[in-house]
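Take a look at the structures listed below.
Here come two complexes built around chain A, the first alongside chain B, the second alongside chain C.
Entry: the complex of A and B
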């Protein structure tokens, strides 16, 4: 299979230049690049919205925006960051790296690959255009709870349609990844030899296929409730507002793991490289990822303990949620054991990886606290929750993405980035991130609810600190942009191996990786040497 | 004016940040212990689980940072090659499992207590509106709306030019509080007239969604008189941040007197 694909590959791609190269490309590396740049633009956009939020919350009283626009900002910030930032960024990494990691010449379905990317700019153009519509952009939160979301103005159908498009794009990306991983591995690259990044993405892709259609169903039901006289979620017509939450979180909880499992994969590539030691417990890492994916389907109602469930339901969801701590703990312990008795160096990717292990674990701890139903009645919908999910998403998903970019940038560009600038970027980000999000634990516990533009005076100092941190964090990311552009333009020549302790097929091809890699099947002896079994 | 205050706050914030772990004790940084049997239990659960997390964190991060310090190439460390141990994997699967069971027991006990609706002595129905609360004393025929107080409301308008610092209990004050007797097991019912709201008073350890078409029930028993403030916790639209909850807990005599005064003044509001 892969040999024929490789043979075809030499001929099917005419040398296009300029805009056409990017519009019509079917090359996994070009598409990966498109995904990564697109997601970076979305990060800046979503980050800009976050800064509007933090500027308004800098002190009590309303100074900058009205409450309705504030709610639009929290809603759009989440939608842009989740669907435009983190998800496409990981798909971009998958596009770039999975074929090179498994010794395949390209993705299995290159034309669909092009399509699934090019849907995104249109979907987001539509979503962002709602900011200028009558009634403003969606403001009911990214969770879109009925009946509040039905009060959205002209933006409503555009929001729903853009979510449909984003879902189609994600599902096509997931199908492509599954088809690639299952069919295009080089001979000798057995499943249990695959790099962990490929494993976690394979599991993520199944999660996407399972739950994106559920989200599509939920928002379609909203659409028919609003325009076609149904009453799925309207109690006046015999409907049930809580039903929406059950459907949404049946999608929403696996979605959380869609955002974090590929990050686990990235960590499992980076930590062994800079510890110069094989990943500890490879097989248990695979099983832990699969268990997390399975458990993610049976914990959804822990997002809704306060809606009033029967005792048995509350107990079930409390216990099942607590169980997730076990496979997650195994992963953290394995990473630490990988470092143990290694010979560590601390280049920028490793710094971000270490920060990931510490700060993601802190987010995991607050997650465990949130699982305890009686305590959740106090934590729920407070800033404690905001602190929790930002700890798992910012130093979790986003630090993993940044670490991955530093890790593979020399392979992509052929140049080493500036280690000095990278360290500046790391320390500025890591410190300001904690300044931003740690105080949110305190104000949440002390009684500040989330999604409000104004607050009581006892929360003022911590909010001011959070806002200062947020502006430093946001500005630091411009340094990252500068560093990446500088690295693309030039820099010391990177070797094929790049990092002393790097193992894997991607490090056997030259840097920069040529447009077509593995047109001939890699030697199975090379595969055996580069992978662990 | 705002700029000057903003600059001051920035300065104070940075200074506190740099120098201040002891000062933090003065700030509201933790869940209140509250004034009901349930809120005490929740607080104890919260602190227990927090402490367990801190202990596990100290252990795991301790090992990791020791390794980072000791097993670094610049100190001449040579990488080992071990990468598998079934024994270790079993140990760190089983021990967390046992810790979780230890956490689940007290949590389950508290939860069962929270759901115990027996021996109710009185009932108040709470209805969420965009953006106010309505309280209905079912046995006593007293009912009224409770809105953000006028002072906060004036100050919180965009560019009001007023200083929130001059408003007592800014955003946590209402025109008419919910008055409840102490020492009585009270059933609270929540529902909503438009969108979902959530009635939260941290000092009472209660948060329950108010959902249109549903009636949720929970209970509270306040131990000491006082004024306990809370908010709407579920996003309910534009003024979600501006529909606080104020509970005034009084002793039985005072409560009866208040009830009587309400019957005299507003016999008709119930029919609203």
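Entry: the complex of A and C
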């Protein structure tokens, strides 16, 4: 690696080493690596919080933590996983892959790229420090509904400001991705030849810059309501707590597509590779992604069916929500059609991808059930909701991330990972996550409420099963950590193409990818060959 | 691969500014949090954080200006800057949208419901039977006490004229820059800066008037909340814009820009038009109707 990288370096530029390399880097690959490791640490932290929750819920009654701390754990688990785990992980993938996929020398704004990452550790230091503050960490849920959240102790302003910092990081990251995709494509890489991962990230970046500032506004209003006497969410002054929910979910619903659209992109790279067929319906995939993004702006109040909206609102948001099933169905259909009569092999990335298609679809169907307003009156705030969104996030977003790591790890490290360990990781994860989350459907439909540390005795068996599954799932991820470290340190040499059926510019550069790729513009004939439109 | 070098400027490594900026912003916000929690030591941390943030801005912008002048940025880099500025401004639009939503929601839904309209019948009957919805309002509990409304046709109308004129003067300056008329450029830009700071001064005067004579405060129910948050954030953006224009004016005087290469000027002009447009919405929906 060092010889190739050195050859591509300009001679007068010194190579930084040690900690300075990581603090001062402008290299999209280094920054991508930072994002990915940071998010993995956050996954372990958020996962640890999830295991505290599952340990408490192993039996009915209060045994391990007190209820306030339990509520802090549900709140912090969500904030850490969403803002520290899934989002930075996908930005890490974007950093690593987008420049290589479109034939660009780096991201459009390399210095700002560095800052986008280096805000995150500071923001999370602020957020996590609240665990040790008077009044404990935020405990009103990650949705921060007023007026409950206004009872938070010293943690309150730290939580608000850390969200502001995370927002600055996200908006800068999104702007960088948009500028890169719109401006840095190699000649011949037309928009409709871009890999689907680039397309879904471009659309995600637009969602980010449209809704993250709205979240910033919402939490700013919380801050002024608590400390400066404003009445945004106080009916006595003419405001309305429901207003917070509207503004929050105007952010929150596009946010869930921010978490899943890049995952759709990853799937659209992996499935054609191992089916050895071009992606079925490329253009329809692009249009479906854009439709999902558009619809995500007009469905937000399906999170608030029981809050007491006028009937017209309930109906509008029910039907608009159901519309999302159409473009999502297009995507699932296209993935299945891509596999149809393909010469399939089942390496670890493909196993995770197939599990994604099946299990994400389960989450999609439970989403449709929740979209039905009168039915949602029963499901609201029950464990059925918890089951639903964990099915779209764990075998959805997180399986896509894991699949992406297996898929591109040989390109990043130059070594093949251990396929045997990968398969162990897959089967342990796939089975244990269903053991964890599937019973939640049943206890939820039977009436068990979320965000409560105790429950009625009849839910005991299913909760015990869930907890056992959760601990197996959590432990399995340590196997993943071991596998990744082992792969970085050595292993069979990976070829440039890595996978027999892989297409795209990133597979035309050596493995490991040299520090600087596409300092010279790739040949347009290569682009035509690698991106079969 | 073909042999065409891309020539896109990628700094091999960055200076310490990003990490310094992170530390500065964190200090600023941790200090602010401590102050809000009643710990007086917070103010030292806040000031330190602010100073570090300002240092970062001087250092970082200085680096970019030096690189720009030494010709490291080609047309493609310029296009990256343009896309970034456009979408940054869009994100600012969405930030204001959150507060406009609060205003419209209060006027269209929450106040009428509190007054007994539609689904609010029972709330009104049980909690505040005497309350009748109207705008402006500080809510059924009369939060903040009796107040007077800020009229549209005094200072706000003058401020509208000022901001609209400043949009004209900055465009004049831009045309002068493109035509290489240095005197007109500096005059147009200086006028814009003066108009910008005049707006801020009049806005401050309006706030003093509101607090001392109208009993209109941030604590005046939903009217005071939306009024001060919308005009306050806008005023903050105008102040930032005026400071940015001042920097651009100084750079014009130093001769940093040429008729065909002056993106920094254009970015600030875009930003200035953005605060102008936001003001028009404020004038219409906060002051006028």
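Rule of thumb we're sticking to: the second predicted complex is superposed on the first by the 519 of 533 C-alpha atoms of A that agree within 3 Å, B and C clash if a C-alpha of one lies under 4 Å from a C-alpha of the other, contacts with A are read in each partner's own complex, and residues count from 1 in each chain.
One rule holds for everything that comes next: a residue touches a chain if its C-beta (ideal position, glycine included) is under 8 Å from a C-beta of that chain, and two chains touch if they have at least 3 such contacts.
Because the structure is predicted, anything quoted here is derived from the model rather than measured.
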Output check: A:236 vs chain B and chain C. Expected answer is one of first, second, both, neither. What do you get?
both
According to the stated criteria, A:210 is in contact with first (chain B), second (chain C), both, or neither; which is it?
second
For A:529, using the defined touch cut-off, is the partner it touches chain B, chain C, both, or neither? Pick first, second, both or neither.
neither
Kindly classify A:280 by the partners it touches after superposition: chain B alone (first), chain C alone (second), both, or neither?
first
In the overlaid three-chain picture, which partner chain does A:326 touch, first (chain B) or second (chain C), both, or neither?
first
Partner chain in contact with A:308 - chain B first, chain C second, else both or neither
both
According to the stated criteria, A:228 is in contact with first (chain B), second (chain C), both, or neither; which is it?
second
Chain A residues where the chain B and chain C footprints coincide 235-236, 239-240, 242, 308
Contacting residues of chain A [partner chain B, same complex]:
58-63, 65-68, 71, 139-141, 145, 147-148, 151, 235-236, 239-242, 275-284, 306-308, 311, 314-315, 318-319, 322-323, 325-326, 329-330, 332-333, 336-346, 354, 357-358, 361-362, 365, 368-369, 372-375, 377-378, 380-382, 435, 442-443, 445-447, 449-462, 464-465, 468, 501, 532
Could you list, by residue number, the parts of chain B that touch chain A in their complex?
2, 5-6, 9-10, 12-14, 16-17, 27-32, 38, 41-42, 45-46, 49-50, 53, 56-57, 60-61, 63-64, 67-68, 71-74, 77-85, 88-89, 92-93, 96-97, 100, 103-104, 107-108, 110-112, 114-115, 155-160, 162-165, 169-172, 194-196, 198, 200, 202, 205-209, 211-214, 216-217, 229-242
State the interface residues of chain C toward chain A in the complex, per the touch definition above.
1-6, 8, 10-19, 21-23, 25-26, 29-30, 32-33, 36-37, 60, 76, 79-80, 83-84, 87-88, 90-92, 94-99, 101-102, 105-106, 109-111, 113-114, 118-119, 123, 127, 137-141, 143-144, 217-219, 221-226, 228-229
In the complex of these two chains, what residues of chain A are touching chain C?
10, 13-14, 16, 20-21, 23-26, 104-106, 108-112, 114-115, 118-119, 121-123, 125-126, 154, 156-158, 161-162, 164-165, 168, 171, 174-176, 178-180, 182-184, 209-214, 216-218, 220-221, 224, 227-232, 234-240, 242-243, 246-247, 250, 308, 310, 518-524, 526
